[in-house]
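Across the two complexes that follow, chain A remains constant while its partner is chain B and subsequently chain C.
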Partner chain A sequence: MPKAKPRRQEADDDASSAASQTSFSQTQSNTQAERAMAGMEPAEQERRTNDLVQYLLIMDQRKVPIKKLDINKQVLKEHSKAFPIIMRSASDKLSKVSVGLKVIEMQDNKQKSYILVNEIEQTSESQHLRWSDEEKSKMGLVMVILSLVFMNGNTMKDSLLWHTLKKMGVDHEHQHEVFGDVKKLVMTEFVRQGYLECIKQPNSDPPAFDFKWGQRSKQETTKRKVLQFVCKVYEKEPQQWTSQWQDLLQSEGTPNGNA
Partner chain B sequence: MKGIRRSHQMFIQCFMSRGFLDAKEVKHLYKSCCETFGDAYLADEEERRKLLLEFVLTINNNLRQFHMEIKKGVSEEDGSNFYGLVNMSDNNITRLASDYTTNELELFKKIVEFIVVESATGEIGSIEVVNLTEKLDRRMSKNDAENLINRMEEDKWIRVKQGRISLGTRAILELEQYILSVYPDSATICNLCNKLCLKGQTCGSCDCKLHFHCASRLFRGQDEPKCPKAGCGEIWSHDIPNRDVTMRSTAVEQEDRHSRTRKRKLRH
Partner chain C sequence: MNSVKSNQTNGRDEAEDDEVVGENMDILQPQQKESERRQIRQRYRDFIEDMQKTQHDLINPESDAINERLREVDELYKPVRTAREAALDSCALAMIANYGRQKAQALHTEFVKFQPVEFAEKLVNLFGSSGAGDMGNIPFEGWVQMGENIRPYFNRSPAFHFMAGSFEKEVQKRRPTPKEPKDKSSKDEKDTVPTQLRSFEEQQKNEATTAEVERVLAQLQKYYEESEKNPICFFEFILNPHSFGQTIENLFYSSFLIRDGYAKIFIDEDGLPVIEPVEKPEEETAHEKQKHHQTVVTLTPQEWKELLKVYEIKTPMIPTRTVEPN
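Entry: the complex of A and B
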C-alpha cells in the first residue's frame, strides 16, 4: 500500500480549532484534557487529530454511531484523556477544512457516540452523492415513517405504524421484496442509524413501542420539509394542517409568526 | 495554503460517494459545484481547465493531512483518464474501510498476484479465479466467489470481458505502488509512459513492454516499427493497435475537417 506522505504543519488549523463553535458534553474535566494535551508534542497532537478525522470518515460510511470507546481504542490510545480537545479540533477540521460534515453527539445513549451529518444539501439538480437503488428505497421508507410520526403528533405507537405501513403495501409480517424483514429494518437498522427512536412502553406485555424521530433525522431534515412532502402527497397547503403547522413554527422558534 | 470552500467540499463528497469518475464526469461535477455555490465558471475552455486544476490542487493540499488525495489514473484499455479519491496510508484505521471481508480481500490479493506474476496478458479466467479459492485459508464457495467478482466489477475494481478478468483502472490507480513494491521482479513498467503495465504488447526479443495505447502513440505513422528499448531495436512483431483515445479523437476531428471519412472506413 502507498506510504503516508509527510504531513503539513498548519498554523491556521490551530487557530480555527481554538475558535471552534462545536461543543461536546464532557465526561472528563477540561483541565484533565488540557493536561493530557500538554503531555503531547504539537506534531503528535496534529497526527492524532488527522487520524481521528480519517477514522470518523471511514466509520461513518456504515452509518452506525461511532462510539467514543472505539475512538479511544483505535485512534487516541494512550492519549485518550485528551479526547474532548482532539475531538473538538477533529470536528472542526471535518466541517471547515475537509468535507463539510458536522459531528453530532448522540444524546439518547448511555454510551457516548457520534454521527456525521452533511452540511451540504443534496438537491435534485446537483445529485453529487450517488445512492444505490437499495439506499433510495430505504430512504423513501424513512421519509414516509418520519411523515407518519410527525403527522401523528411526533410520536406513534408501533401497532399503528405497522397497520399504516401495511395499507401502503409494506407488511411487517411478511418478507418484503425490497425491504426483507421490515420489522427488523425499522426497529433495528433505522434506530441504530439514528433515523428513528424506538421507546418501549413501561409494563407492556406483549411489549409495545413508541416511535419518535431519531437524532439523525432531526439534523438531516426539518419539520417544514416533511410537512411540505406530505402536502405534495395530499395536494394541500401546509397551513391547512393546523396543529402540525403550529408545531413547525414553534420548532423554528417563531411561535404565532407568519412565515 | 488556499482555503477550502463549499464548492470544494461538494466536489470531495462526490468523490467519496462514487470513488471513481471519468474525465467527463469530473468536468460535469465541477460545473455543478461552481453553479451550486456561485463560483466563477469560465466560458473559455482553456482558462477553465486551468482553474479546475487549481481547484483540485487546493483540495489535495487540504486532504493530504488526512492521508487522502484525488489522483489521476490512465485506462489500460484506451489511455483515457480517470480520477479517484485514493487513500495514501495503510494502517489499522484504513483497514477498517473496506466494503469487503478479510477473506474476500485475500482472494483479491491472490487474483492480483496471478495477474501480475503468472499472467503474460494481464488477465485471469473466471474459472482460474474459482480455482484460486482453494488456496484460501478459509473456505469460499464457488457461488460466493462469483458474487464477489460481480461486486468488484460493479465497484470498478476489475474488468470482466468474455470471462477474462483484468484489473480495472481504479485498482491500478490505488494499487500501482503496492504492486511495484511487492512484485518488483514481475511487475513491468511501460517503456513509454513509465507506469505499471499489465496489459499491452511485449517485444519478441527483449522484456520491453508497452501499453496498447502507448504503442499506438509511439508507432503512429511508422511503416517499420522497432522496439524502443535502448540497445534492442528489434522489429515490433505486433499489429499496431488503434487504441489511443486522445489520438483517435484528434484523428476524427481532422478527418471531419478534410471530410475523408470514407477513406478511413476503407482502411478498417
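Entry: the complex of A and C
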C-alpha cells in the first residue's frame, strides 16, 4: 500500500534524523509529523488536507508526477513537517471518500513525486468516463508503444521503434498531422508523464536509446491488458505468445512483479 | 582487416618476449615505450571501430562473431601494461557485453514470433482509412478510434475540470523593464557618437566651401574695383595656369556666386563671357527676377590649355589654394 510509504521514507528526508539509526528513525519521524500536526488547529488540519486533495486533482490534469517539493511549497508551507500524515489523509479522501483515485508514489531516488490512478476497473461498457479526442489519440499512441515494447521483450531500441512507427505514418523526423513533433512527444512528454522510460545505451555514439515501460504505465495498465490488446489486433489467443505469456504470468505471480 | 591481423601477431610476439622476462616483472615494470603504447591504443581503436561497423552481424543470434571478437580482444590485452590502454580494453569489453545483451534479446525461442512491423501493418489495416492513397498511414480519426478502443485498458484518472472553468495562468512579464533602459542607453551612446562626428565633418566641408566662395567673391570685388568697375573677363578670372583642377574649382565657386546673386555673367561686345559683382541687394533681387538661366559649362584639359595660350595667362587672378592634407 502506498500510503505507508511516505511515512517511512520521510525519515530519510529529514536532516535532523540520524541516517544510521534506521530502526529509530521511523518512530522519530512519526513523532515529528505528529508534533507538527499537534501544533495545528483541527480546522487548520482539515483545511490543509482539503487543499491538498484539490491541489492533487488540479495538478493531475497535466499528468506529470506531482512533486513533494511543490506540495510543501504550495499547500503545506510552514506545516510541511506534517506532510506524511496530511498526505495519508488526503489519499484516503481521494480513494474512499470521494472519487476512487489512488495516490501512487513514484519510485524515483532523486525526489519524491506522486501520481493519481483510477482505482475503479474500466470496462468498454462504462461510458461515464470520457476522454477528449486529443487524449484518445495520444493514448492510442501510448498503447501502441507499450505493446511494441512489451512484445519485443520489455525493451525496444529507439531506432526500431521509429522504424515501426514509420510504417503507421508516424515519422519522428517530420511533423505529424495528429501528434506534431513525434520525437518530442514520445521522448519528452510520455517520458515525463511516466508512461515511458527512455534509457541511453552506454557507449553509443550517436546516442541510442532503449524504451521501457514507465512507472505510470505499470500502474494504469498491466501486461495482461496490453497482451489482450495485441491479441485483438492479431485475432489470436494470449497463450500463443509463449514468451510474453510466461512473462506476464511471472509478473502476476510475484506481488510486485509489475515493477 | 589485414593490418589489424598483422598487428595482432606483432602483439603476440611482444607478449611472448615479455613472458620470458617473467610475469611478475611485467606487472612491476609498467615502463613501456610510448610508441609501443600508441600502437596498442591504435589497435584497440581499430578494433572498436570495426565492431561498431559490424554491429548488426555481431548481434545476430545466428552468428558466432561475438565470441570471435572476445578472443581477439583477449589477444589485444596481452601486451597491455598501463591504465590508459587497459581503459580502452574495458571499453571494448563493455561494448562486447552490450552487444551480447542485444544478441540475447534478439534470440527468440517461441513458436510465434512478434514482428513489430507486422503489428504496425495490422494496426494500419484496422484503423487506417480505406482510401488507396493513404497507404501506411493512420489518420486522426483512426487514432481517436483506437484511443476509444483502448480506454478500458487504462486506469487513467479522469482529467479534473472546474464547472465554470479556471483562472488562466497569468504570464509574468518581468524581462522588459530592467532590460530596456540598458539597451536604450547603449543605443544612444552608439548613435550620438557617429552622428556628431559626421555632422562635424560635414560642417567643416560646408564651411570650407563657403569660405572659398567668399574668398573668390572678395577677389572678384577687388579686381572689379581695380578695373574701375568694368566687368572682368570670365576666363581670365577663373583660369589657373598651374592647375587644371584649381581652374575647375574656381568655376565651381563662382557658380555659387551667380546662383546666390552675388555676381552676374553676361556676354560683352566681343561675344566673350564677362563677370561682375552685383552691388546692391535690391538690384540683385530685381535682376534675379528678370532672368534666371541655368547653364552647363564644360571645360576639358585641352580647352584649358588652349585658353591659357589665347589669353596668355601666366599668373592666376585667384591665387592658387594650398592643397589641404586630406
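Brief remarks follow.
Just so we're on the same page, the second predicted complex is superposed on the first by the 222 of 259 C-alpha atoms of A that agree within 3 Å, B and C clash if a C-alpha of one lies under 4 Å from a C-alpha of the other, contacts with A are read in each partner's own complex, and residues count from 1 in each chain.
One rule holds for everything that comes next: a contact is a pair of C-beta atoms (placed from the backbone, for glycine too) under 8 Å apart; a residue touches a chain by one contact, two chains touch by 3 or more.
This is a predicted model, so every value here is computed, not measured.
Of the two partner chains, chain C is the only one touched by A:168; chain B is not. Annotation for chain A, partner touching more residues between chain B and chain C: C. After overlaying the two complexes on the shared chain, residue contacts for A:117 are found with chain C alone; chain B is out of touch. Applying the stated contact rule after C-alpha superposition, one finds that A:133 touches chain C and leaves chain B untouched. Of the two partner chains placed by superposition, only chain C is touched by A:160; chain B is not.
Looking at the shared chain after the overlay, A:241 reaches chain C, while chain B stays out of its contact range. Applying the stated contact rule after C-alpha superposition, one finds that A:74 touches chain B and leaves chain C untouched. With the contact threshold set out at the top, residues 57-58, 61, 118-120, 123, 126, 129-130 of chain A are in contact with chain B in one structure and with chain C in the other. For chain A in complex with chain C, the residues that touch the partner chain are 57-58, 60-61, 101, 116-124, 126, 129-133, 135-141, 143-144, 147-148, 151-153, 155-157, 160, 163-165, 167-170, 177-178, 201-203, 219-221, 225-226, 228-230, 233-234, 236, 240-244. Note for the complex: chain B touches chain A at residues 1, 4, 6, 9-14, 16-18, 29, 32-33, 36, 61-69, 86-94, 96-97, 177-178.
Touching chain B in their complex are the following residues of chain A: 1-5, 7-8, 10, 12, 46, 50-51, 53-55, 57-59, 61, 74-75, 93, 96-100, 118-120, 123, 125-130. Residues of chain C touching chain A in their complex: 91, 94-95, 98, 102, 105, 108-112, 114, 116-117, 119-124, 126-128, 136-140, 143-161, 166.
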